[in-house]
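First subunit A sits with subunit B, and in the next complex the same chain sits with subunit C.
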Partner chain A sequence: MKSSLYGPAALAALTALALFPLSAAAQKSTAEGIAEYRAMLADGNPAELYEAKGELIWKQARGPKNASLEKCDLGKGPGVVKGTFVELPRFFADTRRVQDLESRLLTCMEQLQGFNAADIAKTSFGTGEQKTIESLVAYISGESRGMSFNLPQAHAQEKLMYEVGKKVFYLRGGPYDFSCASCHGEDNKRVRLQDLPNLTKEPGASTGFGAWPAYRVSSGDLWSMQRRLNDCYRQQRFPFPGYASDATIALGVYMGVNSKGGASTAPALKR
Partner chain B sequence: MNKTQKKVALLAVGTALTVLLAGCAMAPTSQAVDEATAQVLKGSFREQGIARLDRLKLDASNQACSEAAGKPLDEKLAKAIEEANLKTVKFPLDGKFIGNWREGEKIAQNGRGLTWSDKPGEANGGSCYNCHQISKAELSFGSIGPSLYNYGKLRGVSDPAAAASKPIVEYTWGKLWNAKAYNACSGMPRFGHAAILGEQQIRDVMALLLDPQSPVNK
Partner chain C sequence: MSDPMRIRAQAQGDKTTVRVLVSHEMESGQRKDAAGKTVPAWFIQTINATWNGKTVMSAQWGTAVSKNPFVQFSFKGGKAGDKIVVNWVDNHGDKRSDEALVA
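Take a look at the complex of A and B:
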């Protein structure tokens, strides 16, 4: 009986076992490779530096009125930060508008601190007060890390913005006839080597939407959702979407509502 | 039905109506959505560099495919859109369909052109690898479009100049010129129709796909 251990069948089985990890590694998909790369970097996600800076800025007296943002209402009452990110964009009674995190921060910076929101919206990404906002969104999103998206849809304006967002998502235009759906409307697609989340439903929606803001290794900077959408539109060959414009907010509502139940990983790490 | 029963029945209808009306008030009508969308688009975009606002004006094909929101079009409408697009296809006047596959490979690799950060007058790329597998050597390719590896070989093209190759050669040219001529809501840009690529560039991409010496058919 003992000799049967070394019989050809057993030997083949042993060889197969020994080879299994190797062949599995060889078959590792691009997605797994990228996930591994992210995991290696995740320990030291530079987004943490933006989070820490954002928390300081939130509490710091700034602007013409020399006030902090601690009374800013992000949807859960003045000063509440935790849990707000996974419920934005939402309707705000004071502005009578549906707002995403960034347009809401502009409102708070104008009302509480006396900044000019329109001027900040016109500032280039990564400079001036736009840099401030990038730190703020890192801090605020980080306070909801791991929580599930659950955007309110009770208000008529929120429902309307979801439907507008869907229209904008599927709008094909420009010389290439692209829409957001051209890249993000189906499962398991990729552009070049980059996997594309399907933003029309879960789990793709939260994988994509729920990862921004994110630190982008390729650009060495933290990108907000507004900056991400802006670059999507550039690559779609569309005209320039205004910072915190209603089209971008409507897209946020569409993607955010589609993310329901999915966890936020923001501020995440991107290649 | 006695009085009490009538009252209960009426109350039930009343409650159902209230729920229904509340539902109506909550869900925006398609007209309200269309109007709000038009307003939102108008107020959200501005011109930047070569990206002008007219890029938001949709032709009939883009209008119908946008409204379909990813769902298949009505067959008749799809056919009408395909016929209208087929009429725009311009075949080369000199009858020369095939250029240089080495140039075609460069065009396939090049994803630049027509964004607001691109300069006017620069030659555009074809962005082909963004969506298609093309040559075996290139591993960084997309999957939004089908694989084009062995495109000519699989279609039996051993000599693109031969009469037998004519239908495939003309179809490929037409597809590159205006992909919506064959598939109303194709995700592929209309390279000739939208003047993304010039005639000579399309000839070179044709060679990449159909020349038996091209890496595509090796």
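Take a look at the complex of A and C:
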């Protein structure tokens, strides 16, 4: 009698003792495991293939006007690529708009090469001219790899877009009553095994924002920032505000300004 | 037309390490598209590497190799300036050959 009462209690105590160190160790090794997996893959990041292709496309005469993109102004003057990525989105005087890399590429492809930007914006990700843009963003972001984010905030429009981006970031809605901030507004949050960066401040912002465009192993494709945002909205069960729309650019300004000082790792490698 | 490979070869002591990033769809033939039709298999069948004309790596691949595969191998010998040529043939008969110099 005595031993049968004593037995389970002792067992429970032992289990409780054993569980704590076990779960702590399991958590640590999971994060380490992911880090190890990334290190193994980092050597052969297929984004490099897109970078090489993007450089060729940048210099290639294409489109109805049969022109290259070498006169495209990404913010540092026509044809300058190096260092432009860490200063985007920014205000452009010719279009009188704040533009991110992809909306700016659409402008250049329309003005210089004669493509129809609206048609490209409507094309589904990973097909047609969207594939061209993926390679271009890989090349352009790769030219600024390791540089620190330093988005301009001098123009009134840029300040306005930051405030709009902040509003959009905290806007709750949809069937789950989600906002971007639900997952990315605090430190040390996770979805399953994935550590979620806090995009409202450094160093989280550059870890998250600064890693896109990235090659996604799970889909075997290079994802641009616009495609990443599209997926964020899909996960929130929100309609996507639209490719190169002002709402997505505003989010880019908000996250980009928050990344100030952090280094860009784009095009990175994601699981 | 297939895209170029990225080949990096580095000699250290008497060992040369070659790292190759191959651009290929590597369709397994097991996936279905949005219309429910099977996506036909499309994969690299043989891949070879030569060092100054001598074969140092030869492999036969199947459908279990990932898209845009990364290959790494090393061989004895090799010095800076030696030529490494990597070529592959896929099941469509498409070929691709790229070369790099040992650094």
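Throughout what follows, the second predicted complex is superposed on the first by the 242 of 271 C-alpha atoms of A that agree within 3 Å, B and C clash if a C-alpha of one lies under 4 Å from a C-alpha of the other, contacts with A are read in each partner's own complex, and residues count from 1 in each chain.
We adopt the following convention: a contact is a pair of C-beta atoms (placed from the backbone, for glycine too) under 8 Å apart; a residue touches a chain by one contact, two chains touch by 3 or more.
A quick note: this is a predicted structure, and the numbers were derived from the prediction, not measured.
Peer 1: For the overlay on subunit A, clash or fit between subunit B and subunit C?
Peer 2: Because the two structures are overlaid on the shared chain, the partners are seen to fit without clashing.
Peer 1: Kindly classify A:Val98 by the partners it touches after superposition: subunit B alone (first), subunit C alone (second), both, or neither?
Peer 2: In the superposed model, A:Val98 contacts neither subunit B nor subunit C.
Peer 1: Looking at the overlay, what does A:Gly173 touch: subunit B (first), subunit C (second), both, or neither?
Peer 2: First partner only, subunit B.
Peer 1: Between subunit B and subunit C, whom does A:Ile140 touch in the aligned arrangement: first, second, both, or neither?
Peer 2: Once the two structures are laid over each other on A, A:Ile140 reaches no partner at all.
Peer 1: Report for A:Leu112: first if it touches subunit B alone, second if subunit C alone, otherwise both or neither.
Peer 2: neither
Peer 1: More subunit A residues touched by subunit B or by subunit C?
Peer 2: Between subunit B and subunit C, the winner on subunit A residue contacts is B.
Peer 1: Touching A:Asn188 in the superposition: subunit B (first), subunit C (second), both, neither?
Peer 2: Once the two structures are laid over each other on A, A:Asn188 reaches subunit B alone.
Peer 1: Quick check for you: in the superposed arrangement, does A:Ala52 touch first (subunit B), second (subunit C), both or neither?
Peer 2: second
Peer 1: Quick check on the superposed pair: does A:Gly220 touch subunit B, subunit C, both, or neither? Answer first, second, both or neither.
Peer 2: second
Peer 1: Which value, in Å, gives the least CA distance between subunit B and subunit C in the superposed three-chain arrangement?
Peer 2: Minimum C-alpha separation, subunit B to subunit C, in the superposed model is 12 Å.
Peer 1: Can you check the complex and tell me which residues of subunit A touch subunit B?
Peer 2: Interface residues on the subunit A side: 156, 159-160, 163-164, 166-168, 170-179, 181-183, 185, 188-193, 196, 200, 234-235, 237-242, 245-248, 250.
Peer 1: State the interface residues of subunit C toward subunit A in the complex, per the touch definition above.
Peer 2: These residues of subunit C touch subunit A: 3-4, 6, 19, 21, 23, 66-68, 70, 72.
Peer 1: With touch defined as at the start, can you tell me which subunit B residues reach subunit A in the complex?
Peer 2: 25-28, 32-34, 36-37, 40-41, 43-48, 51-53, 55-58, 61-62, 65-70, 114-117, 129-131, 139-144, 180, 187, 189-190, 194-196
Peer 1: Within their complex, state which residues of subunit A touch subunit C.
Peer 2: Residues of subunit A touching subunit C: 41, 43-46, 48-49, 52-53, 217, 220.
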